[in-house]
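Consider the two complexes below, in which chain A is the common component and chain B and chain C are the respective partners.
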Partner chain A sequence: MTSQDNMPMTRAEKRQARRIRRFDNPWLNPKLIWGAALLLAIIAIGLMGRLLWNLDLVFTGSTPLKLPPVGFENLRGQAGQWANPIGTDGGGRDMLALIIIGAPNTLFVGLLASLIGMSIGIFLGFSAGFLGGRIDDTIRVSADVMITIPPLLILVVFQSAFGDVTLTMMAILIAGFVWQSPTRLIRAQVLSMKQSGYVQMAQLSGASTSHIMFREMLPNLIPYLFGSFIASVTTSIVTAVGLEVLGLGPQRIPTLGRTIYEAINAGALIQNLWWWWGIPTLLLGVMFIGLLLINLGLDEVSNPRLRKLS
Partner chain B sequence: MLDDVTPDKPVLTLRDVSIEFPTPKGIVQAVKNLSLDIHKGRRVGFIGESGSGKTTTALAVMQMLAEPGRVSGGTIDLGGTDILSLSEEAMRRTRLGRVAYIPQGAMNSLNPVMRVEPQMWDAIIAHEGAVGRDALKQRSDIALESVGLPQHTSQLYPHELSGGMKQRVCIAIGIILNPELIIADEPTSALDVVTQRQVIQTLKDIQTRIGSGLMMIGHDMGLMAQTVDELAVLKNGELVEHGTVQQILEAPKHPYTKDLISSVPLVGGDSFLNPERNADAPKRISSEPLLRFENVRKDYGAVAALQSLSFTLHGDTPQIISIVGQSGSGKSTMGSIMLGFNPPSKGRVLYEGQNIQTMNAAQSLEFRKNVQAVFQDPYACFNPFYRVDHALKFPFKQFGLAKSEAHSQQAMQEACVAVGLDPDLVLSRYPHQLSGGQRQRLIVARALMLSPKLLIADEPVSMVDASLRASILSNIYDLKDKHGISILYITHDLATAYHVSDFVMVLFKGNVVEAGPPKEVIGAPQHPYTRLLIDSIPWPDLKRSWGDGRADWDPAKQEVAALNAKTEYRGDVPGFDLSKA
Partner chain C sequence: MGRIPRAYLINRLFTLILTVLIAATIIWIIPRLSPVDPAEIALGRMAAGAGSVANSDEILAQLRANMGIDQPLVVQYFKYIFGAFVFDFGLSTAAFPTPVSTLILNALPWTLGLMILSLVITFFIGNLLGALMVWERSPKLVKVAIPAAMVFTSIPPILSGLLLMWIFAAKLQWFPLTGAYSIFVEPGWTWEFVKSVIHHGFLPALSIVVVTFGFWALGMRGLMIGVQGEDYVKLAEAKGLRPRYILYRYMIRNAILPQITAFALKIGLLIAGQVLVERIFAYNGMGKLLYDAILNQDFPVIQGVSYVIILITALSVFLVDLLYPFIDPRIRHEATA
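And now, the complex of A and B:
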């Protein structure tokens, strides 16, 4: 064990110093940053595309059918052209325009559904944990029952009964199936926090119930809420895409799921029109990896024991 | 008599050991150049406040330092083996085989889903490979017997054992392979005094029998005096004094050691308080007594936590009423009933004539303003999300005491100064940046700011470092002395109750067994249970070996006697009436 007082830092030591800095500021988590970057990229495609690309190409028949992306040839021997850089679908719609409109739509459904679901979850979770008694029993039992019902089953019935739905309507329907796990999570946290010293201190200070719930407890739950939010965004998107691929989503608004539905319906797999179903699938993959990374990153932020120094 | 033991080769030799923790704000030296020998059969105590490096040193001997800590210099030699050069596998064999570690919280150290017996077998199998079932059974039975546990314990799950029994199971696992060195890290800090005495005696017996060295970590000078042969005093990672217990107790050289010794309050010893004058109680409008218990009883299922109890606290002269007892005696239940957190099963609690369970919102706010509390755990009392001034400012505003922002700021600063804190240093910090002692003082400052009529202090110093206890207690005492606040002091520590209180109630299994002025009750106890408690106090005095030093000390017998004895009433104080059952 030699002393290293006056020696310049070696590379390993510099790396160690960088790790320690990262340990100090948990939000500089590489997973969190990469995940956020992936999601922001998808939103950026949506925003930039609206400014730079002609969105009228999204209508049926506005372009030649089944053109491949630039640099590829389709089965008819047509080469890709720069007017439709990532090809066109079987209905003569430009794939790039479809994605510029469709990708943010898919993300929007997920975010809105989970925002509504989380709000319900926070409200019910706090009520159950804090008030206890019969209210707790009712909320807990209904959340448990709802968890056992497969959401797709109910949603398929709903959607086919409603016919065409808007994106918002679909988000609200999905929200009805993502509030259970935040409710249970928050209830458990509130139950353990209710016994803590600072909540007793606040009671001694004559604090009202709403003050204790929202000013004393809620701030300490923020990391959990974030994590739970991201998880339910993932669930919501999976549910939404599932419905769309079954052809049950919005009929007139392009989404990634609907594009995949149409590709399958038109036999894109047999005709080797890989760009038609492949590009939306790839984007969905990127979206899920982004959400997963954010979730892992948030886990490390809220649970310091998962953070490693070495 | 201990000095004439001719020491052979030491079991453990620490030479210039330094331990450091790299952190974002630079390297923290947890232990600096520590050198020490532990000889065969000797008991060495490591004493110091939290953060002084005593546990860190012990963990380094086990090679179990938490990341990113590392031994940065020096050597650790265990009976001829250089610990620091051992491979991970060799170290694994050394742990428990040659060094055993008895942890602080035995309740968390046993596997809750395994019976006691297989957990002991695991230890043997991990070191000796396959051993026959009969041999295993025989060895675990011997180990359990040697710590004084009945044989059927081996078939029980940890939750079926009491805290003291769990700690003994941990000791039994620790000695099952006859280690050369036993490290006991505050083995009794979670236990009450009676159990503490039993467990320490078990530990001493068994250590003498297998002849290993013992490294005992703690912060209680009294317990150390009763347990070890040699003492090492640590402060900020440095060994400031080392010698036999006798040398250190009789002629401490380092000022910190002197502080540690003098901070232990003694029954009958000099008071650490200076009662100059008695402030008058705050003027009360109501003619009703401040607090009245009417046949209050609390049951948890079939267990009676508190038997029917009636008393009246008039509150016209400020007083400190102490409630002492072991864990499970119902004293904390009584505190939470008084605060209205826990409704009584029978009877009523009246605050100025109002039942606290049926108050309306305005009355409830008035009650909260006038009945405040200091809790046991200063670490949990602050919301980690806010700066600490939130805990002081919020109630001040809530009770309508604040005239303006500047006024509440000024009140906070004055309260901080009154409890000996620098307001500029502490008020704008986050809770985790303050020590336990500072936090507990802030809670006392909070009580002072609100100037309630009654303060319920539930074990206010049991989680604070020993050297700070006396000063925090005198802060609390000042609340009565200078500010006229009546205090209910709930504690298991008879020595402090002796000094601070005007009236003492001893609680045993929910019953008051002895009550009266402290000089009578604690100074000359008459009830068997009170005597049991006082005998269990570890004195920082070698001549006074655990009470009066009777060898036939049998707590079980005394508890039986206590159950049959009737309550002793040792006198009254004006302003507090305990109804005699």
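And now, the complex of A and C:
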């Protein structure tokens, strides 16, 4: 949005005209591409790191404690070494190895949770909108009820009662709280689509319910579905990181949130060990900015009025 | 003025009660499914303090009786639900004879104060900026700088909190690192105390404001785009009203209303985010209480805090739903809604 705003109106208008002439694809807008690039960069760190870096350094005590990144000095006067290019934490773990394993883990929880949540949401939303009646009432009320319950608080109770969980388990638990808004969204869309000409046409020509649902209606919902998916990825990651920062969540697997938790508990802020909490924070920031950009880009796909403005 | 039809009121009230009831039930069921026995935790704590415990079987039985977990589940459940409705969650196991409700009552004003303050500030700033982004006459800088700044508003407040804490508390030492007021001042309505509270509350509030105003700004931007093309705005312009007057009285006033309902959907995440901010700043609110309870495996406190926060969320949503027709006279509640 910034690059175009910088230009005088006339050039922007010319550019707009060129875009319209080209019938260009709304899916190729810069926000969407940048957002996807940021997320892919994090995945790339995870993939490349696994190939190129010694992951045994992630074990406690495998390196000297609290070493700074290369080019910096810590309070004890030790300089960073290339053996641990972005420093080590207070438990003697290499930060790079922590991130290579932790960052994809965090993203994985978010993606898996919202994938499950979305599937539930699509199923329930279509059922509610299409079937109506008692089923609609039940689904609508339960979505309304569940949408006001903050997932973090319920999951805190759960995880403090059960102790250690696996990443997949945490994702499944979070999924229990991200199906509500897709359900509501899809239900509303299905209700309005049911009145539209092409759906009635399909009904009149004797198409089956599943054909109408999945072949006629679903394709039109794709931008909304993607938007909703990205929004729930964000919610899931926020929740997962929240749990990890409270010291819950997986105890033995490195995640970004848990690294921050350990850093805060060890007083990394006062000891000026900025790389310990700062690098996971930065990566999470990149992740959220990427998700936001994707979401804004998708908004432009589904809402052409926004396209004119930016 | 919209009046609230009785059917609508009953409907909303039903949803509210159902929400709280379901949440309370989930919170109750979960620890019952867990293999962890709270009586054994309490015994473990005793053993850790004394080295060893004699007659451990009898003590376990007595602890179970005290906690009421030797009764049938149905009895336990109804006792719990009725207790929850009068905010009786039993006694804290970590701070033993203190009732959970006392602990929560001490922490709640801090959380609510911080929440309301940061919410009002973000709502104001966010909506104003969102409106300015669309307004034709706003300076170019606004249109470039705000979208750029907005990118950072996707970040959860805990991350911005860490960053602000490091810069302003650890490095520059302008603000205190932790706590809600200085340990050197006596709590009370003195100027010294109020000053200390503001000094301590500034960073937590700022870290919430920095990352939440973008949500309102984005929403407002979308709404303003819709209002911009309306005939009454064109008419106002044609009448030659001052542009600033049109912006505030014609555009913002009409666009801002759906933002209030957006608030209802957002509040759960906001509170959860704030709990985490309180935890990293060790602010004397619900977040710190919750975190300490997790550390000590103090289940009654964890349950109580979760219940109260969920209750606050559900109540806010309920109130927004009810007050909305008074704020926006165009909306009339359908009896069937």
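By our rule, the second predicted complex is superposed on the first by the 285 of 310 C-alpha atoms of A that agree within 3 Å, B and C clash if a C-alpha of one lies under 4 Å from a C-alpha of the other, contacts with A are read in each partner's own complex, and residues count from 1 in each chain.
In this text, a residue touches a chain if its C-beta (ideal position, glycine included) is under 8 Å from a C-beta of that chain, and two chains touch if they have at least 3 such contacts.
The shown structure was predicted, so the numbers you read here are calculated from the model rather than taken from an experiment.
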Which partner, chain B or chain C, touches more chain A residues: C
Chain B versus chain C as contact partner of A:G206, first or second or both or neither: first
First, second, both or neither for A:G92, with chain B first and chain C second: neither
Which of chain B and chain C A:P223 touches, first, second, both or neither: neither
Partner chain(s) touched by A:S196 [first = chain B, second = chain C, both, neither]: first
Partner chain in contact with A:A161 - chain B first, chain C second, else both or neither: second
Touched partner set for A:I260, first chain B, second chain C, both or neither: second
Chain B versus chain C as contact partner of A:V145, first or second or both or neither: second
Overlapping contact positions on chain A, where the chain C interface meets the chain B interface: 1, 309-310
Chain A-touching residues of chain C, taken from the complex the two chains share: 15, 18-19, 22-23, 26-27, 30-31, 33-34, 36, 134, 140, 143-144, 147-148, 151-156, 158-159, 162-163, 165-166, 169-170, 177, 222, 225-226, 264-265, 267-269, 271-273, 275-276, 279-280, 290-291, 293-295, 297, 299, 302-303, 305-306, 309-310, 313-314, 317
Interfacial residue positions of chain A with respect to chain C in the complex: 1-2, 5-6, 141, 144-154, 156-158, 160-163, 181, 234-235, 238-239, 241-242, 245-248, 260, 264, 269-270, 272, 274, 277-278, 281, 284-285, 288-289, 291-293, 303, 305-306, 309-310
Chain B to chain A touching residues, read off their complex: 22-24, 67-68, 71-73, 339, 341, 364-365, 368-369, 372-373, 375, 377, 379-386, 391, 394-395, 398-399, 443
Residues on chain A engaged by chain B in the complex (per definition of touch): 1, 16, 20-21, 23-24, 196-198, 200-207, 216, 219-220, 309-310
